[in-house]
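Dumping the structure here so I can ask a few things about it.
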Amino acid sequence: MLGDFNVRTDLALEAKESFAEDDVEIRGVRIEESADEEREIYTTIVRIETENGAKTMGKPVGTYITLEVPNMSSEDESYHRDISSELARHIRRLIGEKKKTVLVVGLGNRDVTPDALGPNVVGNLRITRHILKEYGKASLKEQESPVSAIVPGVMAQTGMETLEIIRGIVRETKPQIVIAIDALAARSTRRLNRTIQITDTGINPGSGVGNHRDGINEETLGVPVIAIGIPTVVDAATIVNDTMEQLIETKENRQTIREKISPHLNTMFVTPKDIDETIKRVSYTISEGLNIALS
Amino acid sequence: MLGDFNVRTDLALEAKESFAEDDVEIRGVRIEESADEEREIYTTIVRIETENGAKTMGKPVGTYITLEVPNMSSEDESYHRDISSELARHIRRLIGEKKKTVLVVGLGNRDVTPDALGPNVVGNLRITRHILKEYGKASLKEQESPVSAIVPGVMAQTGMETLEIIRGIVRETKPQIVIAIDALAARSTRRLNRTIQITDTGINPGSGVGNHRDGINEETLGVPVIAIGIPTVVDAATIVNDTMEQLIETKENRQTIREKISPHLNTMFVTPKDIDETIKRVSYTISEGLNIALS
Amino acid sequence: MLGDFNVRTDLALEAKESFAEDDVEIRGVRIEESADEEREIYTTIVRIETENGAKTMGKPVGTYITLEVPNMSSEDESYHRDISSELARHIRRLIGEKKKTVLVVGLGNRDVTPDALGPNVVGNLRITRHILKEYGKASLKEQESPVSAIVPGVMAQTGMETLEIIRGIVRETKPQIVIAIDALAARSTRRLNRTIQITDTGINPGSGVGNHRDGINEETLGVPVIAIGIPTVVDAATIVNDTMEQLIETKENRQTIREKISPHLNTMFVTPKDIDETIKRVSYTISEGLNIALS
Amino acid sequence: MLGDFNVRTDLALEAKESFAEDDVEIRGVRIEESADEEREIYTTIVRIETENGAKTMGKPVGTYITLEVPNMSSEDESYHRDISSELARHIRRLIGEKKKTVLVVGLGNRDVTPDALGPNVVGNLRITRHILKEYGKASLKEQESPVSAIVPGVMAQTGMETLEIIRGIVRETKPQIVIAIDALAARSTRRLNRTIQITDTGINPGSGVGNHRDGINEETLGVPVIAIGIPTVVDAATIVNDTMEQLIETKENRQTIREKISPHLNTMFVTPKDIDETIKRVSYTISEGLNIALS
């Protein structure tokens, strides 16, 4: 959900970039990079291994896989299939060998275009839990996970915290793992709709360190939570700030800039012109990734 | 949810019509009729008072208020305000004097036009529970009920029974009353989008007698459930059957008819041409009724 | 456009069935049938060759190709590709050898689900005329036709006759051929969303004989008009009438039936429950057929 | 249509601000300002009276009325009625005393949220031309103008220039005046969804001076064209540029800034988070203004 623009980025990859020179190591954080040049999929795995690393990065301990896919908003169907397969491979590894019952949660507001990623993904999923319940084990393929899904809506629509809704459903239906899909905020427009982040830490608002009570994560739900997100917006103040910092050297000036950035920018976001169509396409790519991973 | 077309009608009013000649009394069932000629709102209250009456009517013991409003699908805004006020009056009486915390549930499939009544109603509601939680009592008017709402989706979308989802949320957020909104099936096309049924018995699939375990009602949720519905479809087989029964006298022929009605009709429903627009309009009328009743 | 329910069927195939016993010939009308059992596509070509045949059939002189495809509303993508190819083959033959500039017209009301076929088809088309104009011949493949498209809306939305809008655009942009896509009314629920009719006679309301002035056809537009349609509704009165006629033998009774069919049924149509989803799927199949035929 | 982001602003008001100090006069341009403090509607009328003024302003000779309405995106219905009335007053004055036949054109892409203003406005209009044609003069009120409307789509959807479509329809249906509705780009986020511009110059892309051949205006259509627009986006590069210019004094630096602004920003726009809902609301306000003006 794109509610909280204090956090300038939801991407661990960008958190790392903002702190570290390329050749400097952060203690408690390990980075692996790999490139599939042929399919043009660039993978970065950030492993935050200690509370110290978590503090520096502003994100909880865990694994953050980022797929950068320059052509992800293109129309080429076979290319999207490649991305879906790659995504499926990572999801399967995080879920583990054993087949598990899964609840997929489509976070965000379906009536706000760049926030509708989660609801759209759920709309394309193969839902199977009710089939298993009605027709028994023979109705699913051997490796197929029983999948249920919910689009909880946002607090302004429900009056409830998303966590309350999901926790109620988890306690009632007892899935073994939750997969949460969410639109993210990035720091760079270059990453919009071209990056997928997969993490085993769930969804954690704010600094993400110490207090996990409000997040949608294993601590609050009692089952592991995998989160999959795509950055769909950059907040406007961040863009102005970042562009200007590149130009202006002295520290005093930077302070001035922050103060001068119009307060009008605070409720604004930056998004590409074709966002309505792009959201549909990338949602489909994620759904297919999930459909492959869970069947 | 328009899933179950075995039930030929969801309206207690029609259940009564099919059994009783106008002047015959059914034991355990009381009927009150009143007409507001000026506003053209015709009210029938069916009270099923005994298990015997419930068996005859095929509906659980409780109160069924039916507003018949011939012009409800018209565009006249002030007329819709009248209906909303009348609806609010009945809802308030069923809720009782004391202000209560309310969870509104919008049943049905938002992607199937005539089944989207519940989701649409929730979309127009004034949601306040989160405001109360954040800003305290002073943020709501004295008589205003804290309102939360959920659109759970249908089993094909979620893999879960609607009851599981709602029960989870009710246990987690503890509303004092649930109000469920649902599209209904009627027996007569004359009633489509022109009738509102309000009942204190909740939603009860099938014959509605004896076994309440699958319904969305006080027995399954632990809190009272008011259900509000509007008939938006007639199933096609019913229409053919009913029209023919009017013409054909002998009992043997009736049997023949039933057998001859094409099985292709079984997944078909009858709906007016302007259903997309009508659903929007009547949803708004119900939402306003709820907004008035709860504030 | 589903405006005119006097016409009980828009399918030449059904017009023929209602007049002729299977083994009787209609003068001026030739029928060819063929079956592709493997792909389960059944083709009937009705050729109305004389004005006499036209009068008997209630449709203008011309060729009517009907594809009956029992599984067309299924989700199987590869099957839809087969139908698209078959459709493309027929369209190409009607267009003729030479590459032509094409205007595709998506008739119907995009806000009424079963009438939204035309608008949906246009939404999935590959539009190329502007590319040719901007980048020259080299920008299109050798056999690719320059394609433009319009969704004119219906008279209640525009205040104009559809013919006026299309004629204005045809005169201004001078396409060599018009392809009109439209939702049709059928007589049998069995054909809903399972039949594609392709004709070189354009769209002709009413009896279709003699007076072509209000149609969207070569006479009114000055260029050939191919029409492609899928039946998406059956009107409710027709269903009741037809089912009853099967049961009742004497002619006097039939008259009685027609009179007794409730006038409430006149604005009602019969449609399958999953019409919202089905329209999306079959629209895509037609668009793909056009995309293949025109490139 | 939000296609052309070279033009940094579509508002005459902003064009004036960027050139003139508040107390300097531009030759050939007259400005009138007035404030309705009670209703919080601030009106600026820019009259470009000479070709010289047009060159300086980058907009054709004509009248540009700007209503600035700080609360226009609020939910208060009665406030929106005030704006609609004020808008209707200006439209009526531009149309002139005599009742005229009107074609309303809803420009923009209905599938791109901030560009959907025009299509949405047309969706709420009272369309009457066909009623007049069918039932004669007595069917309209004495002062009511026969209204027709079209949503032509954008070039990527139609393959045709919008001008071609509209010119074809104008020649065929012969309205006496065209009213074009369009989403605009502004320079300041403060003006987004809070400003209405009404002009008698039609729609003119690019510098707007000299060459009017591609515009939708009296020169190209042969009838007067009133354009009504609301700014719904600011392009991202403009925001960065403008904020930075406020901070940096020397001219050389400004050049550097322009060059350094990331090319990634060029296809990005800035829009408020609640744009989906806001577009619906302001579209309704404009439609009501038109409905009042034309009846």
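For reference, chains read A, B, C and D in written order, and residue numbers begin at 1 within each chain.
Just so we're on the same page, a residue touches a chain if its C-beta (ideal position, glycine included) is under 8 Å from a C-beta of that chain, and two chains touch if they have at least 3 such contacts.
Since the model is a prediction, treat every value here as computed from it, not as a measurement.
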item	value
Required minimum of steps from chain B to chain D, each step between chains that touch	2
Other chains in touch with both chain A and chain D	none
Label of the chain whose CA centroid is most distant from the centroid of chain A	C
Chain centre separation (chain A, chain C; CA means) in Å	45
Where chain B and chain C are represented by their mean Cα positions, the distance between them in whole Å	38
Interchain centroid distance [CA atoms averaged], chain C/chain D, Å	39
Junction residues of chain C, two or more chains touched	none
Topology of the chain contact graph, where touching chains are joined (line, ring, star, complete, other)	ring
Chains that touch, pairwise	A-B, A-D, B-C, C-D
Complex contact set, residues of chain D against chain C	122-123, 127-131, 146-153, 155-161, 164-165, 167-173
Chain B residues within the chain C interface of the complex	2, 111-113, 188-190, 192, 234, 236, 239-240, 243-244, 246-247, 256-257, 260-262, 264-265, 267-277
